[in-house]
Amino acid sequence: MKEAAKPTARVEAFSDGVLAIVITLLVLEIRTPHLHDILSKHEALEALRLLTPKFASFLLSFAYVAVFWVNHHHFFNLIADISPGLIWLNNLLLLFLCFVPFPTAMIGEYPSNPVALALFSMVLMGAGIVFTLMWRYAYKRGLMASSVGKHAAKAAVRSGLFGPPLYAIAAIGAFFAPGIAWAIFCAVPLFFFFHSMHLPEGF
Amino acid sequence: MKEAAKPTARVEAFSDGVLAIVITLLVLEIRTPHLHDILSKHEALEALRLLTPKFASFLLSFAYVAVFWVNHHHFFNLIADISPGLIWLNNLLLLFLCFVPFPTAMIGEYPSNPVALALFSMVLMGAGIVFTLMWRYAYKRGLMASSVGKHAAKAAVRSGLFGPPLYAIAAIGAFFAPGIAWAIFCAVPLFFFFHSMHLPEGF
Amino acid sequence: MKEAAKPTARVEAFSDGVLAIVITLLVLEIRTPHLHDILSKHEALEALRLLTPKFASFLLSFAYVAVFWVNHHHFFNLIADISPGLIWLNNLLLLFLCFVPFPTAMIGEYPSNPVALALFSMVLMGAGIVFTLMWRYAYKRGLMASSVGKHAAKAAVRSGLFGPPLYAIAAIGAFFAPGIAWAIFCAVPLFFFFHSMHLPEGF
Amino acid sequence: MKEAAKPTARVEAFSDGVLAIVITLLVLEIRTPHLHDILSKHEALEALRLLTPKFASFLLSFAYVAVFWVNHHHFFNLIADISPGLIWLNNLLLLFLCFVPFPTAMIGEYPSNPVALALFSMVLMGAGIVFTLMWRYAYKRGLMASSVGKHAAKAAVRSGLFGPPLYAIAAIGAFFAPGIAWAIFCAVPLFFFFHSMHLPEGF
C-alpha cells in the first residue's frame, strides 16, 4: 500500500481530465466555414457572423464547465475521505458534464429552437442536482473532517436549491421566447462566478 | 532520483488520462442532426428520437468505462510496486478501452445488427480478460504487499470468470435476437456497480 | 483536510490537461486527402503539397501553445498560494487557448485571408494580455513568496508589453500583405523560445 | 515556492496528457461505415473487412505511442533535474508524437502508397532521433544523478542508433514493395517491447 496517498487524489485527477477534455472539445463544434477555395474579406466576415450562435454557445458552455470545475475543486479540498457512493455520484456528475457538448452543439445550430434549449437546460439541471447531492452525501456521511467543510456543505446545499427552478423556467420559457432561456443561461454562471470570488484564498 | 516517488503514480496518471479521454470522446459520435437551417419543435423532437440508439450506446459505454475506472483505481490502490510486465498488461487493457468508441458508434448506428453487437461484446470481453490477468499477475508476482490486496486479488480473479461466458452469450445471442445482447450489456455494468458499492471506504 | 496539499496542484493539473488537449487536437484539422480509392505517388505528393498551409498553421499553433505551457509552468513554480481571482484569470487564459484550434483551422484553410489572420492575431493577443495580467495580479496580491518570483513577475509584465502591439501590427498588416502577419506569427514564438532558454535550471 | 515539488512533475504530467490523448484519438480515424440505414450481416462483415488497413494502422500507432510512453517513463524516472533545454527537446518529441495521427490516417487510407508509408516512417524517425538526443543531453548536462541513470543513458543512446537506419530502409523500401515498410513498422515496436521487459522492477 502506498503510504502518503491522498484518498481523493485519483478521483480529482480523473475528474480534472474529464472536465479539461469537455472544455476543450467544445471548440470542435465550430467548424471552419467552407464556401470556396479562396474567400474575400466580406465573405469571411459574413461566414464568421453566421457562426455567432456557435460562438455564443461555446462561451456559455465554457463558463458552465469552468464554474463546475471551480466548485468541484472547492468541494474536494474539503473532503477528507472517499467512498464508493461518492465516487459513483461523481461519475454521475461527469456523465452529465461529458454530455454537455451535444446540447451545446444543438443550441449553437438551432439557437431559437425550444426543444434544443430545453435539452441544454435539462442537462445543466441534472448536473446541478447531482452536485448538490454530492455535498449532501459528503456532509451526511461525515466525509468532511473540518467544521469549515460542514459549514460550506450546508451553504452549498442551500444555494443548490436555486438552480433547478431556474433551469425549469428556462426550459419552459424557451417555448414562449428563446430569449428567456438565453438570459437565464447567461445569468447562472455569472452568479456562480461572483459567488466563487468570495471563497477564501487557497480555497 | 526522486525520493518519495510512488512507483505506480505515472501509470495511474497515464491510465486516468486515457480513460478520461475515452469517456469524453464517446459524445462526439452523437452528431447534431442537420435537416434544415431552422427546425420546428416537432422536427427537433423527431430528430432526437431518431438518435435514441446513439444515446443508449453512449450511456452503455460510459457505464462500462466508469466501472473499469473504479476497478482500476481499486486495483492500483492495492499495488505496491510496478513491473514492465504489469505496465504492458495495463497497456493492453488500454488498447481495448481506447478502441471502445468504435464498437460504440457501430451499435449506435446499427443497434440491431448482430455483427456490430458481437464486435462490441468481443471488445468488452478482451478488456475483461486482460483486467483479470492483471489481478492474477500482480498476485503471483507478489506486487501486492498487504493481505487485503491478496484477498481482493483472489476475489477479483474469481469474479472475472463470470464476464467472458456472458459476453460470449451476448455475441452469439445477438444473431438470434439483438435484445439478448442489449440485456446482457445493461446487466453487466449494473452488477459491477452494485459490487463496487460494497468496497470499503477509502478503497 | 489533506495535509501536504500544494494549493496550486489542481489548477496546474487542470491547465496541463487543457493545454495537452489543445496541442493534440490541432492535428485533427489536417484531414486525410481523399481523392480516389488508390492514389499514385504523384497524386499523394500533390495532396500533401496542397496541405502545406495546414502543416504551417499546425506548427505555428503548436509552438504558441508550447511557449504558453513553458511560461505557465514557470509562473506556477513561483506562485505560493492560489486565490479565486487568480483561478478565474487562469480560466480566462484557458478560454483563449481552448479557442486556438478554430483560428488555426481558419488560417490553414485560408492562409492569405486577412480576416482569418486578424482573428488568429486577436486570439493570441487576448491570451497574451490575460497572461500578463496574471503576473501582475499575482505580484500585487503577494501570491509570490520569494524575491525570485517578484523579480520574474516584474520582468514578465515588462516583456508582456511587447506582444499586443506586435499582434496589432499583424492584424492590420494582414490587410495589406498576408506575409506581414505570417512573419510576426513566426517571430513571436521564436523570441519566447530563446527567452525561455535563459531561465534557470529547475525553473 | 513549493517545498517538496519534484522538478520534473509537471513535464511528466503534460507529456502523459499529450501521449494519452494521442493514443486515444487514433480510434477517431476509424469511421463507422455508413452504407444504408440498416446493414445485413454480410454487409456489416464486408464493411469491417474493408476497414482492415485502418485497424492495422491503429494497432501499429498504438504500439509505437505505448513504447514511447514506457521509455519516456523510464527516462524521467532517472532524471533528477529539469532544464529549459530538456523541456524544449521534450516539446519537440511531443510535436512528432502529436503529429502521428495524420500519417496513421494516411497509411490506413492508402496502405500501399509509398509516399504515405515514407511519411509515417519519417515522423517515427524524427521522434526516435529527438528521444535519443534527450538521453544524450541529459547525460552530458549531468541531469542524471545516479550511476544507474548514466548507464541507462549510454545504453539508450547506443540502441537509439538502430532506429534511424531502419526507418530509412522502410521509407525507401516502400517505393519497391510496401510490405518492406509494414514489416519494419511491425518489427520495431516488438523489439522495444521485448527490450522494455528486461527493465528492472519499479523502473
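Chains: A, B, C and D, in written order; residue numbering restarts at 1 for each.
The rule we apply is simple: a residue touches a chain if its C-beta (ideal position, glycine included) is under 8 Å from a C-beta of that chain, and two chains touch if they have at least 3 such contacts.
Keep in mind the model is a prediction, meaning the values are calculated, not measured.
> What is the size of the turn, to the nearest 5°, that moves the C-alpha atoms of chain A onto the matching ones in chain B?
Rounded to the nearest 5 degrees, it is 90.
> Over half of the interface residue numbers used by both chain B and chain D, so same, or under half, so different?
Interface between chain B and chain D is built from largely different residues.
> Which one of the chains is farthest from chain B, going by Cα centres?
Ranked by distance of C-alpha centres from chain B, the top chain is C.
> Could you please state the distance in Å, as a whole number, between where the Cα atoms of chain A are centred and where those of chain C are centred?
25
> Could you tell me the distance, in whole angstrom, between the mean C-alpha positions of chain A and chain D?
Here chain A and chain D have centroids separated by 35 Å.
> Going by the touch rule set out above, which residues of chain C reach two or more other chains?
Answer for chain C, listing residues that touch two or more other chains: 4, 13, 17, 20-21, 25, 28.
> Under the stated contact criterion, what part of chain B meets chain A in this complex?
4, 6, 8, 12-13, 16-17, 19-21, 23-28, 30, 32, 34, 38-39, 41, 44-45, 48, 58-59, 62, 66, 69-70, 73, 76-78, 80, 145-146, 148-149, 193, 196-199, 201-203
> Could you list, by residue number, the parts of chain B that touch chain D in their complex?
Per the touch definition, chain B meets chain D at residues 1-2, 4-5, 7, 10-11, 13-14, 17-18, 20-22, 25, 28-29, 81-85, 87-88, 91, 94-95, 98-99, 101-102, 105-106, 109-110, 112-116, 119, 175.
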